[in-house]
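Shared between the two complexes below is chain A, which has chain B as its partner in the first and chain C in the second.
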Partner chain A sequence: MSTRTALTVPRLRRLDPLGALLAAAGAVAAVFLPFVVLKSNRIVPGDPRALLEVLPAWGALGCQVILICAALAALRVSNPRVRLGAALLGVVAVALAVAAAGDALTPAGNKVVRVSPGAGFWVLLVCLGLMATDATTRMRPGPGLRVLLLAVSIAVAGLALAHGTFDHLSVMREYAVNADRFAREARQHVWLALGSLAAAVLVALPTGILCHRVPRLRSGVLGTLNVIQTIPAIALFGILMAPLGALAAAVPLAAALGIRGIGAAPAAVALFLYSLLPIAANTVAGLKRVPRAAVEAARGMGMTSWQILTGIELILALPVILTGIRIVLVQNIGMVTVAALIGGGGLGTFVFQGIGQTAIDLVLLGAIPIVTLAFSAAVVLDALAEVLDRARQ
Partner chain B sequence: MISVENLSKQYGATTVVDGVSMVIERNSITVIVGTSGSGKSTLLRMINRLIEPTRGRVLIDGNDTTGEPAHLLRRRIGYVIQGHGLFPHRTVAENIATVPRLLGWDEARIRARVEELLAVFQLDQGAYAGAFPHQLSGGQQQRVGVARALAAEPAVLLMDEPFGALDPIIRAKAQDDLLDIQRRFGTTIVLVTHDMDEAFRLGDHVAVMSHGRLLQYDRPAVLLTHPADPFVSRMTGVSDRAMRLLSLTTAGEAALPGVSDGPAVAASASLREVLSELLWRGAESAAVMDADGTRRGYLTIAAILERGRPG
Partner chain C sequence: MPGVAAILRFAALALLLAFLLMPQSFAPLFAPLTQYGAPPIYDQGNLLTLALAHLGLVCCAAAASTIVAVGLGIVVTRPSGAQFLPLSRTLVNIGQTFPPVAVLAVTVPLVGFGEKPTLIALFAYGLLPIFENTIVALQTCPPQVLEAASGMGMSARQRLLSVELPLALPLILEGIRLSLVINIGTATIGSTVAAKGLGEVIIAGLLSNNNAFILQGGLVTGLMAILLYDALAGLERRICRTAHLE
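Here is the complex of A and B:
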């Protein structure tokens, strides 16, 4: 026993700095901030409730024990696996607690009362999430494991949602009312982000290759794309309205294809234009990285220009090009949100409707999936770039 | 046989290669030397049409090289550059298999050829076939570069400063290997270098270039004894030209009939090496021995010194 104390004392002094910060913030949130907010309808200001008030005694106690364990792990444990486990357990505990609070505070059959997660819940969730991310980073997982972790997290959250665990919470109430539209807008969101990306790859990749082959073009082309990049999204939508509207008026076929001054067409065109620079610039940078001697040797051995481009240059440049595609995809997923303002659809519709109605739950219904999509896209494409770079040194 | 006929290259108003004509014998090593910017690489690269000449033509075994598409011509000519130019994303075996793949050899033949070349270049099959270039030492990378150039059994091998990046010991080994390879495969080799020792060691013929012009193209000994131009003597070096000349003759070639009780030297050693050995030992004469231990004859210091004077 005495050796054990001797071991723990110096460890106590070496508190983990990030862990200390997270534990302190979590403790303050748990004690002083409302865990949930009870509202008599969706837009009136709410009535704050603490964790202890909303759960049965054993549930509140269990949740607090788990949170204290997580805090201790954050402060004193250095093994990243233990830290990750404690953080994930904490996430599950606060998620179940907030779901249980929703069930407990909603009178049976009442569809007007709203139970929203409060500031205390959000701060706890962010602290535990940061702790989990930090632990994962310290474990240095390979690209495959990272994608697997992401898939498992999303699957667990999806199962809980499908099972109805959170059905009494305000955000899910908004979802229940908007279920049809949600599926449509989510599809539209992904479609706009991926479609404009695909079109941009088709144009920017050859442009980048051309700029690499003909250095005289480089500064002019990349400079022009750079200027487009500096135009604010709303302004670009505005600039595109007039020509697309005129096109629709003049060419019936264009109108029949859904091209109008407002709506999805200007949104897609704007996203496409924004996507060009990162992909073209990264293509040029990636091709520049290809060893000159390798290209010279390839030519000297009788490879054709096409064989050199596809078999040597593009493959060696691919990790850098993928980095550009990742930037664009994450940027597009965020920027599609703004497309809702000009009738382009997408999850931004809920965000702006929610702002208009001061219904924060509706804003969250749009914002949470957008953040999840962007995060997932970043994780998957980072992993892909790493796999390719590793195999090709 | 490669015939270079009145070959010129101009970039705008500057002439980089100026009316070069030379005949390169089959199964020989020709070394091109000259100061930096004298047009050596340009001349070499016009042979496999990496650069198209402004005037003149190149014939290989009597056929004009412009008679077929350039990339097909290049698949029949080996090409090695300084810094090896290996493909970083392909394994050693895949790198070596490049030209056979382009030529559509079947897999079994490619595999057999890769194995043969790895053995010739003393690269252990198990350890290196699946390795990536960055996992090799500089000397090994260079060997893979030469193996890759020889993969499709080209009759002609062009080398642009192939050993420039190697340290002196590895470089000497690479030169010995190249001489072996040349004897084994009978390849016609054209090699560009800055290093005069390398030129004299490897070259059956040496071409000296300056400002795009071919000043002299001859056997190394003739370059020393009958330089066509003061620049050629400057290139070959005036201060140690006698020793250079001695290094071009072997003990076996110069041995006199008779016996000596002096130290034994190998018939393959150069006269320069024998002289150095005699000075070191304080001996007057040496017995020249063949590799199998039979006596070839003897050499005296006086006989060696005789050979160090221009004919």
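Here is the complex of A and C:
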């Protein structure tokens, strides 16, 4: 306990350097940068509005009080729980303020006016997010708590979206226009990422086991898979289009199955190829980590080599294999975005459409769900690997 | 085995150079992929110029991200910056879940079309692997070595420059290699926002339904990525070897 007091006392006396940096950046953003941008339609340049201009007096005051409390907590409080609470309260306040600004600036029934969050909002959100992230990191939450925090955050955000809190903001305007397509592309995105992952597990797991058993194969096989990894996604998609197109032209059955040079097929094949290396390499690494004594003991008990593989080796190697699967899933969710370029669908469709129209709202409509998906996949699989790793010991 | 690898490497380099310098001599190879008499070799620009522009873009971004990432990595591993270390770690982990395309896409509406958004996105995304490897490398320096250095009367600055950084170099180089390879791919997508590069060839092929263009763009970028990866891996091995000999 004595070391702990020694650590906390000086921290209380002087300012927390990270907190000071975040509070300063947040204060500058709140005072000098536009909180929202008002556009009379989707194309024209926007008209910046400050926090005080867009909210009713009591709302602006409340929001500022909460932000000042968060800043004080960042500067003076060392207890991570308090810091996390203050940061999350700040996030909620800023989000509600931007939603209220959207409501206040949109004339009733007007569907042309666009209210986008401005630079001030984003900087504030990043500062508060960093504060929350830092506090969470210092709390060292276990795997269960991490998943719970993620689930609660997503549920709160989802409820707010479903309730229509943000309906007057530009991103949600884009969503309202594209609602049915959004559901379809999101399903396609998840389907492509998970489908290629499943296929890759079916192939890479046996390959990894084989490479473990036959060391001569190892460098050749893993080296080849490594070369595939270095080929840029769009290039591999392009390269695969030619043979798949030829296959569809030559084999009517392939065409009937939906295999074509353009569309989801080359994307799925490319993602599958990219997924092989991390899973195969981690299978080899995981199996290498299995203690020789465990295998010997199992053999002494009269287990067959198949029983040893499925009952001992794979179970013990599972955490490492799962880490490989996590890498692949996060990577796939990101790469499916590029598939939109070759007609493969997915949320990337909105991203590239948005780039084409310089409509950042449309880009965000694609990019935010992609990042959320990838982040959630990483948190959940990390937690799972940690739980399994603990169970193993 | 090293013989085979050397031959493959040389063949890949020769093929790449031959194609970039005399693309027309490969026309008969690509002709079967085109339809309705479309040109078999990309003709809307010089392939060599595009490849150099592509490489230039990637290298500029990588140089900038190396300077910033190594600098930041040094700052957060010093005692004065220790407060920022846990956060930087978490940020690196979170950052890796961002797809490079998303970074690129968000930059475009902010700074407009052309080289600028691509450069910014490549810079931002390239930071992560280098930063992460710098932190790991500087933190895993053997404590005995550091104590010996202090015992010899080295100042903190001398210790950093002549002990810690040389020891960390192989891992930092690995980070640079990773970020270069990722960026060669991302720069291809930069062509969708009008950056000059090899993506132009692929996009032209996608737009005019010309498989020959797509294949050319894909093969040239792929070969460049593989050769660069291989060359940097060789450089790393050489540096490691000299470090161990000393």
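Just so we're on the same page, the second predicted complex is superposed on the first by the 380 of 393 C-alpha atoms of A that agree within 3 Å, B and C clash if a C-alpha of one lies under 4 Å from a C-alpha of the other, contacts with A are read in each partner's own complex, and residues count from 1 in each chain.
The working rule: a residue touches a chain if its C-beta (ideal position, glycine included) is under 8 Å from a C-beta of that chain, and two chains touch if they have at least 3 such contacts.
Keep in mind the model is a prediction, meaning the values are calculated, not measured.
With both structures fitted on chain A, tell me whether chain B or chain C touches more of chain A's residues.
If we count touched residues of chain A for both partners, the winner is C.
So, A:P291: does it touch chain B (first), chain C (second), both, or neither?
A:P291: touches chain B, not chain C.
Is A:R299 touching the first partner chain B, the second partner chain C, both, or neither of them?
After superposition on chain A, A:R299 lies in contact with chain B alone.
Pick one for A:I315: touches chain B only (first), chain C only (second), both, or neither.
First partner only.
In the superposed arrangement, which partner chain does A:A57 touch: chain B (first), chain C (second), both, or neither?
After superposing on A, A:A57 lies clear of both chain B and chain C.
Report for A:L253: first if it touches chain B alone, second if chain C alone, otherwise both or neither.
It touches nothing on chain B or chain C.
After superposition on the shared chain, which partner residues are touched by A:I231: those of chain B (first), chain C (second), both, or neither?
A:I231: touches chain C, not chain B.
In the overlaid three-chain picture, which partner chain does A:A162 touch, first (chain B) or second (chain C), both, or neither?
A:A162 sits against neither chain B nor chain C.
Which of the two partners, first being chain B and second being chain C, lies in contact with A:P17: first, second, both, or neither?
Second partner only.
Per the contact definition, I'd like the list of chain A residues that touch chain B in the complex.
Where chain A meets chain B, its residues are 291, 293-304, 307, 312, 315-316, 391-393.
Going by the contact rule set out above, which residues of chain B touch chain A in the complex?
Chain B reaches chain A through residues 48, 50, 71-76, 79, 81-89, 98-99, 102, 132, 134, 145, 148-149, 158.
Okay, in this complex, where on chain C does chain A touch?
Interface residues on the chain C side: 1, 33, 83-84, 86-87, 89-91, 93-94, 96-102, 105-106, 108-110, 112-113, 181, 184-186, 188-189, 192-193, 199, 202-203, 205-206, 211, 214-215, 217-219, 221-222, 225-226, 229.
Which residues, counting only chain A, touch chain C once they are in their complex?
Residues in contact with chain C: 16-18, 130, 133-134, 136-138, 219, 227, 230-239, 241-242, 245, 261, 330, 333-335, 337-338, 341-342, 348, 351-352, 354-355, 358-360, 363-364, 366-367, 370-371, 374-375, 377-378.
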